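Order of writing sets the chain letters: A, B and C. Residues in each chain are counted from 1.
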Amino acid sequence: MIDVAVVQPDGPNEALVRLRNVSKSFARIVAVEPLDLEICRGDFLAILGPSGCGKTTLLRMIGGFLVPDSGRIEIDGQDVTTLGPERRPTNMVFQGYGLFPHMNVEQNIAYGLRMAKVPKAESDRRVQKVIDLVRLGELARRAPEALSGGQQQRVALARALVMEPKVLLLDEPLAALDLQLRKVMQDELRRIHALIGGTFVIVTHDQGEALGLANRIAVMNEGRVVQAGSPEDIYARPATRFVANFIGDANLFTGQRQNGHVTLAGGARFPDAGRDGVVFVVVRPEALKPSTRADEFPISLPATLVDMVYLGSHLKLKVALPGGQEVTVHDTDLSLRERIRPGGPAFLGWSAAQHRVIDEP
Amino acid sequence: MNATIGEIGRSRSILLAPSALVFVGLFVLPMLYFFVVSFWQVSLFDLDRTFTVKNYIRTYQEYLGVAGFTFLIAGIIALLTTLIALGFAYAVRFKVGRFGTILLFGALISLFGGYLAKVYAWKTILGTNGILNTALLNLGLIDEPSTALIFNPGAVVVTLTHYLLPLAILPIYGSMRGVSDLTIEAARDLGSTPVATFFHVILPQCRAGLIASFSFTFLIAAGDYVTPRLVGGPSTTMIGNYIESLFGFRFDWPLGSAMSFSTLFGCVAILAVTSYLLIRAQRR
Amino acid sequence: MRISTWFWRGFAILVWLFLLSPLAIVILFSFANNVVTTFPMNGVSLRWYTALFDNIYFWDALRNSLVVAGSVGVVSTIFGTMAAMALARMRPKIAGPSMLAMATPVMVPPLMVGIALMVLYVSVGMKLSLFTVILSHLVFTQPFVILIVHARMVGFNYAAVESARDLGASPLRAFFTVTLPIIRPTIIGAALITMALSLDDFIITFFTIAGGNTLPTFIWGMIRTQTDPTINAIATLLVGLTVGLSLVAMAVTRYRG
């Protein structure tokens, strides 16, 4: 089986990176099933998935650190499938940064230019420019071990950017940083991408990072790209239960479709075209509205409020359905606290525009 | 990491080639050839390449006693060395605190003291006019120099124990360093006495180091001929002395080879049984 | 509790003295005026060193020892490092047994290794010389280099090497510009240990050398023929050389405990 996941270009952009039927196994374990993927010029693509889904293997094949078992990789029209990393127009920011401990910041950044035999004057100029870009100015002569995690991250980024790669590859670049710093570096990456343009590919298991950085997301699971598209698309219209659960919080209701109508376990019924059988209805916590009346919303389920937590900007409600399923609801209407009491009878409602029906075996 | 670009896979065998060549060409091959020689014989100072097992029969008939004596001495040395090394490693790791580093450092230095220098040192210490005798005379403990200190099995045991001790300390201390303080504290917390902790928690975790130390010291002691020659005297002739002489003036390579491999196989068999017993004893 | 602590301290110190005092005695009496190595010391003198330095055979032996140790240090370190790099990238299930196999030359009694090598050299018609000694020393020094360098490479961060490749370096250039500078202390340490082992070897050298001497075979000749304290002087030099090398090795590799 071949997954087709074409990342649609924005406007007139054409594909810069083309993967055709690319697969990779280690011993007898399949890391990447044969897949197709296109990355457009100027894209900031996030390859998102849980650990072990094959996302890093995919990135390492693009970077030239692994040769695919099958298929073909093209960058800017050139077949690079079997080329080593030193002969590809890609540069990588590694998860552990991979800084050279025996060189200072400047020497680290200038290494690639030295390998390319760029004249000293030009090399100095380009190094200075990129040091300014990532704001490392006063640290130029420090050793990597004298830098904080965030600063090391910037050096790794500068070292790759100075090569002006056609594609910048980032392998979980923020995983080692604490939450606060991760936020700062996300802003930094967005700023740099906006400033210099170029094509960035980031691998991450953090859906917040993917949503916050990328204009395209490819969600991977068990060696396949299960869905690719814009962040809005993936959040609002998850293709599978896996995607729904992996991106943001999701409530899943089981239902039965017959003759163009879906009936949920709780009794609600609404029209939905498709083949007969079991379906799953995905509703995001912020789309669900608590109510005291059954007829306030087009689709409604009877429910009991279990718990309500105040989280500043919104309330988080835990609601139980008659079958025992627990559902999470986010609501910004703080006055709910006066209207609904834990243990009291209530209803949960939403409109058809805010849910997504998934057919799945 | 996993195999990357093809070149690395290919270069792996190129990288291994030189040392593999040394290992095969200068160890495996000579040992095999040496083994084959044991099935030949000597006539008129030349090798006669007709197959025979008479060298092994001769070894068995004439040198069984010497081999047994050698294994006994080697066994005593290996046991003594391993036990002292275990005690030293235990003391350094758990009992002496800051001094541990200095003590260990001294042990490491003596690792490189020079094999002959050490044997020679013991000769001067234990000799008839040696340091120990002079000291005992001056202290009035003896009236005339004792000749019982040197040229006997005891002198060989002391000298080889001294030479092998640092080599035995290294693997035992290495495995003891891996014993986490947490497991010991946990054992104490659960009501184990220090002695029980030693036998139930520390010792099992040092098993690999103990077996390595015992095996190594046993093999080296069983194959030594310099120490018995210099401090053992005529009463302590070990199998190594006979083997060495067969490659010197007596020129009988096949017999020497048969004796060598009999000794080696004997050692391996003894060590296999010892390790097996040790492992089984600890399983209980 | 207190008593047992004192017992173990005493035991450790006794073992320490047992290990070091014989060497201390050799060194001490190399500077003594005594004709027989025994207490009391009859004053300080350098006469044994003077006697040693007047002996032309000593200088031959020293030169031979340095030639052998130097060659073995270089060749064994290069071969062993290459093998360690390859082994570190192989699966532990294969690398572990391979290293154990390549370490067998250290476990077999040196008497057998020396004789087997001598028999081989003579049988294939190689003339015994310093060259055969160097070849023989590779056999038992190489495993130490492999073990030491491999231990370093196991904890090695390959991301730095991959970065170098990613930034345009060929595998060979990546090795010389990144890997080698990072592991240089380990390699120097391994080379020094190798040289110390080579300098110290007597048995294998004895069987594979022709007419000349290295320091240990020179000492062997002296021990068998004479008992004058010149032996103390040369033994002290050998101890100083090997201990010095291993101390430097520990310092450069930042040996910890």
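By our rule, a contact is a pair of C-beta atoms (placed from the backbone, for glycine too) under 8 Å apart; a residue touches a chain by one contact, two chains touch by 3 or more.
From a predicted model like this one, the values you see are computed outputs, not experimental measurements.
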{"item": "Farthest chain relative to chain C (centres taken as mean CA coordinates)", "value": "A"}
{"item": "Per-chain Cα centre nearest the global Cα centre, belonging to chain", "value": "C"}
{"item": "Mean-CA-position distance for chain C and chain A (Å)", "value": "56"}
{"item": "Averaged-CA centre spacing for the pair chain B and chain A, given as whole angstrom", "value": "60"}
{"item": "Distance between the centres, which are taken as Cα means, of chain C and chain B, whole angstrom", "value": "17"}
{"item": "Of all residues in chain B, the ones touching two or more other chains", "value": "4, 7"}
{"item": "Residues of chain C engaged with two or more neighbouring chains", "value": "158, 162, 171"}
{"item": "For chain A, residues contacting two or more additional chains", "value": "64-65, 84-85"}
{"item": "For the chain C and chain B complex, residues of the former touching the latter", "value": "1, 4-5, 8-9, 11-13, 15-16, 18-20, 22-23, 25-26, 29, 36-39, 78-80, 82-83, 85-87, 89-90, 101-102, 104-105, 107-113, 115-120, 123, 135-136, 138-139, 142, 146, 158, 162, 171, 196, 200-203, 207, 216, 219-220, 223, 231, 235-236, 238-239, 242-243, 245-247, 250, 257"}
{"item": "Complex contact set, residues of chain B against chain C", "value": "1, 4, 7-8, 11-13, 15-16, 18-20, 22-23, 26-27, 29-31, 33-34, 37, 84, 87-88, 90-92, 94-96, 99-101, 103-104, 106-125, 129-131, 133-135, 138, 162, 165-166, 177, 194, 215-216, 219-220, 222-226, 230, 240, 243-244, 247, 253, 256-257, 260, 263-264"}
{"item": "Residue numbers on chain A that touch chain C, as the complex places them", "value": "63-65, 84-86, 90-92, 94-102, 111-112, 115-116, 156, 159-160, 163"}
{"item": "In the complex, chain C residues that touch chain A", "value": "157-171, 173, 177-178, 181-182"}
